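Here come two complexes built around chain A, the first alongside chain B, the second alongside chain C.
And now, the complex of A and B:
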């Protein structure tokens, strides 16, 4: 019974982690059709922000939850203004450009801070599920992921900004005719996606080794989840993360992390074969 | 036409004199400097995933070659270091290995960090008949007359970790290891030593080097309820295990022993609460209280800056590799491979930061001191010293004096 509790908790944490690392990518890909290959590096920058800020004596919670999204959001804004905005509607070119950005960021951070693994200590302790110990920090990840998801939902569903955003994504020309500047909206969306990636990096910094190349370990899973989720960003990310996260955690527990990843990929291939547009391409199409 | 332009005749003269100069140069320099340098090739990862360890090894290589040159070189000839950064890429290892052996025609090669890289380049030097030194603590067992291994091996290190664990912690172990040849072979040694000591292994899990999430592994370990965990996890991503282990509150419940932990900069970058008490065993620690250790550390700091505080066995083994080779060259009075090999097989020893290091002729591994230590508030606390440890893992099977044609890697026999 204790074990079931621990497993359930781990599955929830796995799902939350997937939601966190996917949401930013989902916003940029789902809304703007830009394949952002620098997503992992934006996460890395978020993690570095958290490490640097705690090193400078900033309160750990602010360093983890507040600063990374702000800093990385700003970097996203700069990248959008200087590179991405010239490439809208050219999918291959944006892929190449963001890949270049990703390599550039890895190189830059390596030059600045060295090819060293850094880290922050986890701010909270552990608790017991029956006979087993579990990390309280997983609870932080869980809460952050759900809050981010809920906040995105509220933003898109109930605010004027959300409405304009959705309208621009659906039909930029019509939105422009009604007095909206699509380029402004694109800029805001990209910055928002980058900020979410930064948040993911900041929150994951205490439990992973923070190094310039850390993004590579997350990017593949994030892409698979976005594609599996389909066009509705929030419902899709949530559903696909739940599906893939549970499969990955449970199979990893029963066998090894390698087989867990194989199971995740197999599930993704089957899903894309049956539902080429992702889960929300067929079901819940009208959701967000 | 302006005055400054060069006419055809002038150009011809210039070209001719330049060509003559180029042709004449080798003769000039040969007569000028008397002796042609001895070439020492180095293949290490200065960048990429292994850059952390490789950077210090590269610095040690430069430091040691400098020491030799300052002392007048070898056989009256200076030593020229030809080093390539293999960038943590196997493809570059094979490419640069060919270049060193065939194009640069170096006299000896020192290098390789992971066991995977060693196995990639070992056959190349075997074919080109270039002497090769592998200077890293590793899983042991390489038996090849062309190769000399100066790092410590499981029979010198892992067995001490296991002994300490069996004595202090209990009989049931859980093994977690990196998923490549180093992790697999080290895990078999751990299993063998546990069983030999009357303990048992409840489970063994392997993790590819890109795994970052260890929550399922930690649950599995908790479910198995071992008395201790033995880790052969490698690299930046795997360092997350120790953080997650600490975060899950397991640190105070189940102790950990590791065969790799602390070779990088774990002690300076991780929290003391995460690192304290992890048992390790290596051939050298940077705060050993010996004059040789202090001289090595201060020499390195004088050359590369005061922030060189994370030196490890990887670095002294690199030093040992170069110095043993230099000693053999002096003894043989030649840089020819066969004569240097014969000199090395004659039981040569040097004084290294770790103490006396002797090359064992039969195994081509070193007889050396090893030490058991745990981190305590970012410093190593030395728990025990094992003088003159013999590489019994390789020594049990490999005898290159009797059968010089052997070329394989011996792995532990788990059936016995």
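And now, the complex of A and C:
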């Protein structure tokens, strides 16, 4: 029974991690139809921000939860203004350009900080599930992921900004006719997605080694979850994360994390064969 | 005449010129270069073939494979594992082509018959190569072995036996022999892909790239033809992987890694999308730059690659070869302009194709 409890907790954590690493990618893809191949590197920058900030003596919670989204959001803004905005409507070119950015950021960080693995110590201890100990930090990930998902939902559903955002994505010309500047909205959306990637990097920094190439460990799962989720950002990310996160954790528990990733990928390819538009391409199409 | 659609005569001339050039390098290089230079050129030939594979699938079939490194790695590992077990290298070479093709067939079936969009194909192929990397990376320890071959995890497989004359496993090729094998194979693969493109199969593949709906209405099944093109490219990449393993006698999971897939995209983008010569030239150019950059330790080479990729997407999206061809074409037109009534011939400018 204790084991079941622990396993359930791990599955929940896996789902939360997946939500966290996917949400930023999902916002940019769902809103702008841009597949941001630099997503993993934006996470990496978030993690470095957390490492640098704690090194400079900033409170660990601020260093993990507040600074990374701000810093990486700003970097996203700069990237959008200097590169991405020239490529709207050219999907393949945006993918190639973001891949270039990804390589460039890996190279830049390696040049600046060296190809070494750093870490942040976990700020909280552990608790017991029956006979087993579980990391309390997993609870932090769980809460952060759900808060981020909920915040995005509230932002898109109930604020004026969210309304303008959705309107621009549905029909940029009509939005422009009503006095919105679509380019501003695209800029804000990209920065928002980057900030979410930064948040994911910051929160995951304590449980993963922080190195220039760390993004590669996450992006495979993140991309596949976005594709599996389909066009509706919040529902899609939530549903696909739940499905793939459960598969990943359960298989990882039985075998190894790598086999868990293989199982996730296999499940995703089978799913996409049946539902080429992702889960929300067929079901719950009108959701957010 | 539109430079994108050369006349048959110009195209044939370009093909012959490229063949002659390739043969000249094949037989000239051992006389001009020392052993170190020759070994380096063997590596270039292997990567040029890898570039051909990406150039074919992306430039002619319009399939945006972002994970071509998966097939390079599968080919390399298939060769390494089977040659260690068998001794004789003939069947391993075939396996290095067939294993990636079979894998591409399986993956391609799900992708193309699911009719997913181009961007999704990019993401799925990329993801597959990343996960293969993680999978092979995690195989350290003596329990992960196929026959006599230990996979070795992130340490890779060292001391892979080199190619040998069929039936004589005790007489492996020396470094010069491997050069002839690699460069000869590159020329053959180039000729093979040209033949495919000239044949009906290639025409249909290009037609589908140009207008999928129209091709389908005429009666061709785009899913099938894309799958065939994808498998052909995978076979070429696999053979490149076999040569790559022969080049250093060593293979490690980095052949599956993202930088490898990114590099081959850069070869094609720099050399010229929609050509076969471009990706080969791009491969040599970029590899030479990486080697030059590798001798300094100030800046990481990824930074340079990233800048090249972004720069080309933003400024020269069609690649160097088409740009050079266009410039040459304009030059020819200007020279011939005083003589009205005679259309600019594309013979000269097409010779690079």
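Just so it is clear, the second predicted complex is superposed on the first by the 288 of 288 C-alpha atoms of A that agree within 3 Å, B and C clash if a C-alpha of one lies under 4 Å from a C-alpha of the other, contacts with A are read in each partner's own complex, and residues count from 1 in each chain.
Assume a contact is a pair of C-beta atoms (placed from the backbone, for glycine too) under 8 Å apart; a residue touches a chain by one contact, two chains touch by 3 or more.
Quick caveat, the model's predicted, so the values are computed rather than measured.
Peer 1: Fit or clash for chain B plus chain C once both are placed on chain A?
Peer 2: clash
Peer 1: For A:99, using the defined touch cut-off, is the partner it touches chain B, chain C, both, or neither? Pick first, second, both or neither.
Peer 2: Second partner only.
Peer 1: Please indicate which partner A:211 is in contact with in the superposed arrangement: first for chain B, second for chain C, both, or neither.
Peer 2: first
Peer 1: I'd like to know which partner A:223 touches here: chain B for first, chain C for second, both or neither.
Peer 2: It touches chain C, and chain B stays clear.
Peer 1: Just chain B (first), just chain C (second), both, or neither: which does A:256 touch?
Peer 2: A:256 contacts both chain B and chain C.
Peer 1: Between chain B and chain C, whom does A:69 touch in the aligned arrangement: first, second, both, or neither?
Peer 2: So A:69 meets neither chain B nor chain C here.
Peer 1: Once chain A of both complexes is superposed, is A:110 in touch with chain B (first), chain C (second), both, or neither?
Peer 2: In the superposition, A:110 touches chain B and chain C alike.
Peer 1: Of the partners chain B and chain C, which touch A:122 in the superposed model: first, second, both, neither?
Peer 2: Only chain B is touched by A:122; chain C is not.
Peer 1: Quick check for you: in the superposed arrangement, does A:272 touch first (chain B), second (chain C), both or neither?
Peer 2: Only chain C; A:272 stays clear of chain B.
Peer 1: Should A:236 be classified as contacting the first partner (chain B), the second (chain C), both, or neither?
Peer 2: In the superposed model, A:236 contacts neither chain B nor chain C.
Peer 1: Chain B clashes with which stretch of chain C: 76-84, 148-156 or 310-318?
Peer 2: Looking at 76-84, 148-156 or 310-318, the stretch of chain C that collides with chain B is 148-156.
Peer 1: For chain A, give the residues common to its interface with chain B and its interface with chain C.
Peer 2: On chain A, the residues that contact chain B in one structure and chain C in the other are 110, 115, 216-217, 256, 258.
Peer 1: For chain A, which residues count as touching chain B in their complex?
Peer 2: 3, 6-7, 10, 13-14, 17, 110, 115-119, 121-122, 125-128, 131-138, 206-209, 211, 213-214, 216-218, 249, 252-253, 256-258, 260
Peer 1: Please give the residue numbers of chain C that touch chain A in the complex, ascending.
Peer 2: 64, 66, 107, 110-111, 113-120, 122-124, 126-128, 130-131, 133-135, 137-138, 257-259, 262, 265, 269, 298-311, 313-314, 317
Peer 1: Which residues, counting only chain A, touch chain C once they are in their complex?
Peer 2: 35, 37, 83, 86-87, 91-93, 95-97, 99-108, 110-111, 115, 212, 216-217, 219-220, 223-224, 226-227, 256, 258-259, 261-262, 265, 268-270, 272-274, 276
Peer 1: Once bound in the complex, which stretches of chain B touch chain A?
Peer 2: 47-49, 51-52, 55, 179, 205-208, 210-213, 215-217, 219-220, 222-223, 236-240, 243-244, 246-250, 253, 264-266, 269-271, 273-274
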